[in-house]
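Take a look at the structure set out below.
Chain naming follows the written order as A, B, C, D, E and F, and within any one chain the residues start at number 1.
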Amino acid sequence: MSPLDLLVVAPLVFMVLSLLAGGWQRSLLALAIATMAALSVWLMTLDPGTAHVVGGWELPLGVLLRADGLAQMLVPAVTLTAGLTGLYALHQFAPESHASNAQTAAFWPLYYLMWSAANAAFLTTDLFNLYVTLEMASIAAVAMAAMGSVRAALRYLLIALLGSIFYLLGVALILSRYGTVDVTLLAGMAEADFATALALALMTGGLLVKAALFPLHGWLPPAHAAAPAPASALLSGLVVKIGFVITVRLWFEGLAAAATPAGLHVLGGIGALAILFGSLQAIRQESLKALVAYSTVAQIGYLFLAFPLIAGAGHAWAGLSFHAVAHMIAKAAMFLAAGLMLKAAAGPRIADLAGLARAMPLTVTAFGLAAVSLMGLPPSGGFSAKFLLVDAALRQGQAIHAAVMLIGGLLAAVYLFRPLAVAFSGSETPAVPAKAPSMVAAPLALALAALLLGFAGGPLAELATGGAPATVAQEPPPSLENTVKTASEDAQ
Amino acid sequence: MTGLEYAIAGLLFMGVFFYAAGSLGLLRFPDSASRLHALTKADNVGLGLVALAVALHWGSVAVAAKIAIVWLFAIFTAGATAQVLGQSSKDETDPRP
Amino acid sequence: MTAFLPLALLTLPLVAALISFAMPEARAVWRDASNILFALVKLALVGFLLLQAQGGVDFEWRYEFLPGHDFVLRVDAIALLFVTLSTFLWLIATIYAIAYFERGPNLARFFGFFNLCVLSATGVAISGTAITFFLFYELLTLATWPLVVHKGDEKSLTAGRVYLTYTLAGSAAFLAGILWLKALVGPLEFAAPPDLSPVPTLTLILIFVLLIGGLGVKAALLPFHGWLPQAMAAPAPVSALLHAVAVVKAGAYGILRVVHDIYGAGTVADLGLGLPLAFLASATILYGSLRAVMQNDIKKRLAYSTVSQVSYIVLGASLAGPIAAVGALVHLVHQGIMKITLFMCAGALANRLHIKAVTELDGAGRLMPVTMASFTIGALGMIGVPPVAGFISKWYLGSGGLEAGDAWVIAVLAGSSLLNSAYFLPLLYRAWLLPPQGDHAPVAELTGGWNRMLVLPAAVTALASLGAGLFASFPFSPLEWVSLIVDAGYLR
Amino acid sequence: MSLVFDLVLCLMILGTAAASLLMRSALGGIVFFIAFGNLLGIAWLSLGAVNVALAEIAIGAGVTGILLILAHARLSAMGDPVECEPTSPWMRAAVAVICGGLIVLLSVAVLSISPTDRMGAQIATLMPALGIENPVTGVLLAFRAYDTLLETFVLLGALVAVWAIAPPGGWPQRPASLAIATPVSLTVIGTFSRVLLPASLVMAAYLVWTGSDLPGGAFQGGTVLAGGILVAALGGAIALPRADDMRLRSVLVLGPAMFLGIGLGGIALGRFLSYPVGLEKALIVAIEYALALSIGATLALLVAGKPVPPAAVQEGGD
Amino acid sequence: MEALATGHLFALTGAVLVGLGLFGFITLRHALRQLLAVNVSGAGVFLMLGGLGRGAATTDPFPQALVITGIVVAVALTAFGAALILRQAEEDHAAKEDDERGGKT
Amino acid sequence: MTGLFYAAAMALLVTVALALVRAWKGPGTIDRIMAAQLVGTGVIGVALTLGAARGDATMLDAALVATLLAALAVAAFVASRAPRGARKDGEDRS
C-alpha cells in the first residue's frame, strides 16, 4: 500500500463518480480534498526516493512510480492549488446547474482528470507513461480553455498535439536505442550518441511547447486569458509545470549523459529571453487576464534559466523546485482573484478596476500577495526561489543570469503594480455582487500559502533536494556557526 | 508444385487480373456511371477469386468460413453503396478537380 | 526565552497590523485603542531592552530560512538606538494619525500598512545580516506603497509609481550587491564582519557602488532622490513616518551598516571610497537645501529639507573616525524627532487652516500658537541653532570632519546652515510677524477631545528635540547612548 | 521477395500520405488518408504485428476516417469549403527544407539503431503466469496496465471535453443526427446499417474473445463496436442517447471503473493493479469485455460530436 | 539480415512520414487538414517504433502495445479536435449571419 | 508458394495504386468514393494474400475488420453527403 498510486488513482475514482453524481459534486469535492490532502501528507513523510513498480511488474517492463523531492514538493502543492481552486469553482460551476449547463457538467470530471494527470506526471519515471499523462492533461486543459474561447482552445490543441508527436518521437528513439523508457534505468545506460542527443532535443522541443517556453508560447496567452478563472488557475498553475518537470527529469536524470553544457546554456538563454519577452508583453496588455497570462510566459522563463545553474555551486535545484511550487500557487491565486475582480469590474480592462481595493479588500489583498510572490519580493516563496537562483548564479559567476532575474523581478513589478494601483485609485466604491465566502477565501488562502512558503524555506529546500538526481550539485549545508566563527576569528 | 498449388496460382492470377481490370476501368472510363460499373463488378470478382485461392491454401473450414464472410461482406457493401452512389451521381457535378 | 525578545519586537506591530486589517471600520475605536496599546507595550519592551543592553547584553535569534542563509535578528546597541526612535515615534505618529484622519475612509487598510511599516523599520534596525536587512528593507517598500497611494487620486498614483520604480530598482541593485559579496566571502553578519582581503579591489568597489546605490535610493542620495518630493502626495502622518523613521532612515541606517559593519570604515577609506561618498553626501546636502529654498508648498519644502538632512548621516558615515560616526548616529535620532515635528505641524496647519503654501502662512503663529511654536523649535533645530538637538549633530559632524582631516566639511555644514536658514526663517517670519490673511479666528488647539492630539504630539516631539539638545550630556540622551556605542567599538 | 513487397508498400504509404496532405480537395485528402491508414495496417501485418494492424485498420483508418468524413460534411454544410489558402512558394520551400532536415536527422538516428526484438523473450517468460497467450494483451493489461488504465481515461476525458463545448441549449441533449443525405440514400444506408450493427457486435465480441490468446483485444473490439453504432446511427437504425442518460453514463464508465476497481482490489493483495494468482486471466478478460463496451460507446459518441439543441437534431444538421 | 533491412525500411518510412506530417501541419491553413497532418506524423512515429522493434522472426510486443495505446490516444484527441473545429465553424457561421442581419436592418 | 502469394499481394498493391490515381484525379466526389472503395477491397485482398504468404492465419481477422470498416467508411461518406439539391436549400436558409 503506497500513496504513490493512490495519488494518481484517487482523482480518477472521483472522476468516475463525478460523471455519475450529478448534483452531488459538493460532497464529492469535499471527499476528494480530504483524501488528497491525507495522501499528500503521507507522501511528504516518505523517505525521498521511495519507489515501486506498478502491479509488481519489474523494470524495464513495468512502470516505476517514485517520490523524489521534487514530487514531494509539487504534489502537495497541486493538492493545495487544485483543492482550493475546486472550492472556488463550486460557485462558478455550481453543481445545481449541471442539468442545464454543459460546462458545469463537464468541468468536474475534467477537473479530476487534470488533477490525476498532474500527480501522475510528477510521480512517474516512465517516459511513455508520461506521454499518456501529457495527453490526459492536454485533454482536460484544452477542454477547460474551450469554455472560454473555442478558437484559442483549438490552437492550443493543435500545438499540444504537435508537441506530443515530437515528444513521442524522442521516446520511440530512446526505447529503440536502449530497450527501456524508464528514467532511472536510462540514467545508468544513456550515452551521448547521436540518437540519444536527437531524442533529447526532440523531446525537449515537444515539452517546451507544452510548457509554453518562449518562443513556443504563442498558444498560451489567448487560452489562459479566455478561460474561466478556475480553469485559468489550473492551466497556468498545474499544466505548464508538467512539461517542465518532464524536461527536468530528462536533462538531469535520464539523459543527463547527452545533456551538454552548451545545451543547458541554450535552454538558459531561451529562459532569459522568455523572462524579458513575457514581461514586456505583460506590460503592454490592457486586459487584466491577458496580463496575468503573459506573466506566466515570463515566469516559465525562470524555470529554464535555472538549467545551466543546477550542476554548479549554490542551491539552484532547490530554487528551481521552489519556483515551480511558488509560481503554481501564486499564479492560481492571482487568476482566481482576477476572476473575482473582473466579475465586479465594469469591463475586462485594467482601467476598469478602479475602486476595487475598497470594494473587495480581501480579493485585492490576495491579488497583491500573489503579486509579491511573483515579483520575487520577500517574504514569499517566489522570493526564496529567485533568491536561491540569483545566489547560485552569482556564485557561479553567471552575472548575466543574475541580472536578468533581477530585471525580470523589476519588470514584474511594473506590470503587476499597475492593476493594483488602479484598484487603489478612484473615489467611488463600486457595487460588488455578493460572493460566497469560500470564493473569496480560496485565492486568499492560496496567496497566503505562497507567502508562507517564504518562511519554510529551510525545511522545504531540504525536502526538494532529497532524492535529487546525481547531476545536481550536492553540497552539504554549510554549518553556519562554523563559518561565523571563522569569520570572526579572521576579524580578530 | 502440386495440382492444388496450380489451382491456387491460377485463381490468384485471375483474381489479380480482375482487380486490375477494375482499377483500370475506374481509371480509364470516361464518366462516373460507367466507372461505378467497373468498380462494383470487377473488384468483387477479383476479391472472390483471391479469397478462394487463400481459402484453398489454408485448407481449413474455419478459415474458409471467415474468408467467405469477408467476401460476402464486401459484396454486400459494394451493392449497397453502388445503389446510393448511383442515385447521387445523377446530380453530381463537382466543379473542382 | 530572551532569544525570542527580538522576535517580540516584530510580533507586536505585526499583531497590531493584523488587528487593524481585520477590524471593520465601525469598530474604529477598538482599532485605535489596540494600536496605542501595542505601541505602549512595545515601548515598555524597548525600555527593558535598553536597560539590559546597557549592561552589554545582546539578544539574538536565528533561523535558517534558506539553505545556507540564516535569518538573524540581533538587538545590539545601535539597533536599539534606531528601535527606540522608531518605537517612540510610532506611538506619537499613531496618536497623531488617529486625530488627523478622524473617521476617514479606508483607515483599516491605512493603519494596517502603517503598522507593517513600523514592523519593517524595526526589522531593518535589528537585522543581524545583510540578507535579513534586505528582507525588511524590501518589506518596507511594500508596506509603504499603499500608504503613498492612500488617497487614490492621480497624484498619489503617480507618486506611488515613481516611488516603486526608484525603490525596487534600488533593492535589486542592493540584492545583487549582497549576494555577489556573499558569494565571494560568505555570510555577511554585521556582528562578525567578513574578511574582504581575498576579493579584488575592483570587485569590492563595484559591489560597494551597488550597495550604496541600492541604499542611496531610500536615503534619497543625489541622483536617486526624485521619489521623495513626489511622495508628498501622501497624507501628513505618512510623510511624517516616511521622513522621520521609516524609509529614508532605513536607507541611511543601511549605509551606516555597510560602511561600518560590512566593509569597515578603514577599508572604505583604503579603497578610496570614503571621499567620493562624502562628496556625494555633501552635494546632496547642498542641492536639497537649494531646492528647498525654491519650494512654495510647505510639505515639498520639508521634503527637500529631508533630502538634505538625511545626507548628514551619510556624510558622517563616510568620514572615517569616531566623532563623525557619533555625529551620524546622533543625527539619525535628532533628525527623526525634529522632522516628525515639522511634518506633524504642517499636517495640522493644512488640516485646520487649510494652509499648504508658504505664502499662506501669514499670521499662523497667532492662529495656532502651540503648533507654530513646535514648528519653530523644529526649524531652529534643523538650522542648527543651539540648544536644539540639531546643533549637537552638526557640531559632531564638523568636529568629525576636522578629525578626519577634511576641513571642507565645515564649509559644507556652514553653507547648508545658511541655506537652512534661508528656507526656514522666512517661514517663521511670516507666521509670527505678519498679520493673518483673511478673517481666520484663532483655532482652539488644545480643546475638544481627540482634536488636541493633532497638536500635542508635535509639541511633545518639539520638546524632545529641545531636551535632546539641552540634556545632551545626561545618561540615556541620544548623544550619550551614541557615544557609548562608539566607545564600545560597535562601529569599526 | 518480401523486401520488395515492403518497399512497394512503403512507397505507397508515403505516396498516400503525401497526397492526403498536398491535395487541394479536402475530401480527396481524407480519401487518401483512409487509404493511407489501410496501407499502414498492411505494413503492420508485414511487420508481423497483427494486433497493431487491427488497431490501425479499425481506429487509424476506420474510425478516424469516419470522423474526418463527418467533420468535412458538416463543415461543408455550414459553407466552409475546407479550402486552404495556398501558402507562398518561398514559405513552402523553407518549410520543406526544415522538414527535410528533420527527416535526414531522424534517418541517421534510425540507421544508427539496429532493429531487434528487445523484450519479446522477457515478456514470453512472464506470459505463462498470466494464463493468456497474446503477449501484446499481456503488456497492455498486465505489465503496462497502468498506461492502459490512464489511456481509457484519456478517451473518457475526450468525450467529456466534447460535451463541454455543447452549444447553448444543447445540454444535455443528443448529438446531432449524423446523416444529412437524401431520404433515398438514407433508406439504403438504413437497411445496410441494420445488417452492419449486429455484424459489428459479433465481430467486436470475437475480437475481444480472441484477444487474450490471439491478436485482438478490447481496443480493436471496442472500435469495431463503435463503428457499428455509428453506422446504425447514420442510417437512423438507432438514436444516440442523451448525454445525461444514466444508462449511457453507466456504460461509459463501466470499463474504466471495473479496471480501477480490480486495480484497487489488488491493493488488498499488496499492490495496486496486481492480479491475484490464478485469477489473472479471468480478471483480464473481464476488464477487456467491460472496456470494449465502454470504448465502443465512448468512441461512437466522440465521433458523433457534442450534444445539440433538439431542433437541430430534427433539422438533421447542426 | 532481411529482418534488419525490413525494420529499417519501415522505420525510415516512419521518419519520412513524420517530416511529411510536419510539412503539412505548417503549410496547411485549415485546422481539419492540420489535424490530418498531425495524424500522419503520429502514424510515422508509430511506424518507427514498430520498425525498430522488428526482430528476426517477430516484432517486439512491447512497442506494439505502446503503439496501440498511442493510436487510441490519437483518435481521442483527433475526435476532440474535430469537435472543436466544428464548434468554431458554428460560432463563425452564427457571427456571419448576425452580421448580415445587422447589415440589412 | 510464399513467393507466389507475395507476388499476388504486390500485384494487388499495384492495382490499389491505380485506383489511387483516380482518387487523386477525381473529378467528382463520387469518383473519389469509388476509388476509396476499390482501395478498401484491394487492401482486403492484400491482407488475405499476405496472411497466406506469411503463414499467419490471424491476418484474416485484419481482413475481416478491414471489410467491416471499409463498409462503414463508405456508408459514412454516402450518408453524410448532402446532394446538390439539399445543399441549395441549406444555402437559401442562411
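Convention: contacts are C-beta pairs under 8 Å (C-beta built on N, C-alpha and C of every residue); 3 or more make two chains touch, one makes a residue touch a chain.
Everything numeric in this text was worked out from a predicted model, so none of it was measured.
Q: Would you kindly say which chain has the C-alpha centre located farthest from the C-alpha centre of chain F?
A: The chain lying farthest from chain F is C.
Q: Comparing chain centres built from Cα atoms against the global Cα centre, which chain wins on proximity?
A: If one averages C-alpha positions chain by chain, the most central is A.
Q: Counting C-beta pairs in contact, does D-F beat A-E or the other way around?
A: If we tally the C-beta pairs in contact for D-F and A-E, the bigger total goes to D-F.
Q: Starting from the Cα centroid of chain D, hunt down the chain whose centroid lies farthest away.
A: Centroid comparison gives C as the farthest chain from chain D.
Q: I'd like the Å distance between the centres of chain C and chain E, where a centre is the mean of that chain's Cα atoms.
A: Averaging C-alpha atoms per chain gives centres 67 Å apart.
Q: Centroid from C-alpha atoms only, then distance chain B to chain C, rounded to Å. What do you get?
A: Inter-chain centre distance comes to 97 Å.
Q: From the C-alpha centre of chain B to that of chain D, how far is it in Å?
A: Computed from C-alpha means, the inter-chain centre distance equals 27 Å.
Q: How many angstrom lie between the centres of chain A and chain D, each centre taken as the mean Cα position?
A: The answer is 32 Å.
Q: Taking each residue of chain B in turn, which ones touch at least two of the other chains?
A: 73, 76-77, 80, 84, 88, 96-97
Q: Please set out, as single numbers or ranges, the residues of chain D touching at least two other chains.
A: Residue numbers touching two or more other chains: 2, 25, 46, 48, 63, 70, 72, 74, 79, 106, 110, 113, 115, 118-119, 123, 139, 144, 147, 151, 154, 157-158, 161, 165, 181-182, 185, 188-189, 192, 199, 306.
Q: Going through chain C residue by residue, note those that touch at least 2 other chains and give them in order.
A: none
Q: What residues of chain A sit close enough to touch chain C in their complex?
A: Those residues of chain A that touch chain C are 315, 318, 355, 357-358, 361, 372, 377-379, 383-384, 387-388, 390-391, 394-395, 399, 402-403, 406-407, 409-410, 413-414, 417, 421-422, 424-427, 454-455, 457-458, 461-462, 465, 477-478, 480, 483-484, 487-488, 490-491.
Q: Using the touch definition from the top, list the residues of chain E that touch chain A in their complex.
A: These residues of chain E touch chain A: 11, 18, 21-22, 25, 31, 34-35, 38, 41-42, 45, 48-49, 52-53, 62-63, 66, 69-70, 73, 76-77, 80-81, 84-85, 87-88, 91.
Q: Which bits of chain E are touching chain D when the two form their complex?
A: Its residues touching chain D are 2-24, 26-30, 32-33, 35-37, 39-40, 43, 46-48, 50-62, 64-69, 71-80, 82-87, 89-90, 92-93.
Q: So in the complex, which bits of chain D are touching chain F?
A: By the definition above, chain D touches chain F via 1-2, 4-5, 8-9, 12, 15-16, 19, 23, 25, 27-28, 31-32, 34-35, 38-39, 41-42, 45-46, 48, 50, 53-54, 57-58, 61-63, 65-66, 69-70, 72-74, 76-77, 79, 178-182, 185-186, 188-189, 192-193, 196, 199-200, 203, 206-207, 210, 214-216, 220, 224, 227-228, 230-231, 234-235, 317.
Q: Under the stated contact criterion, what part of chain A meets chain E in this complex?
A: It comes out as residues 61, 128, 131-132, 135, 138-139, 142-143, 146, 150-151, 153-154, 157-158, 161-162, 164-165, 168-169, 172-173, 175-176.
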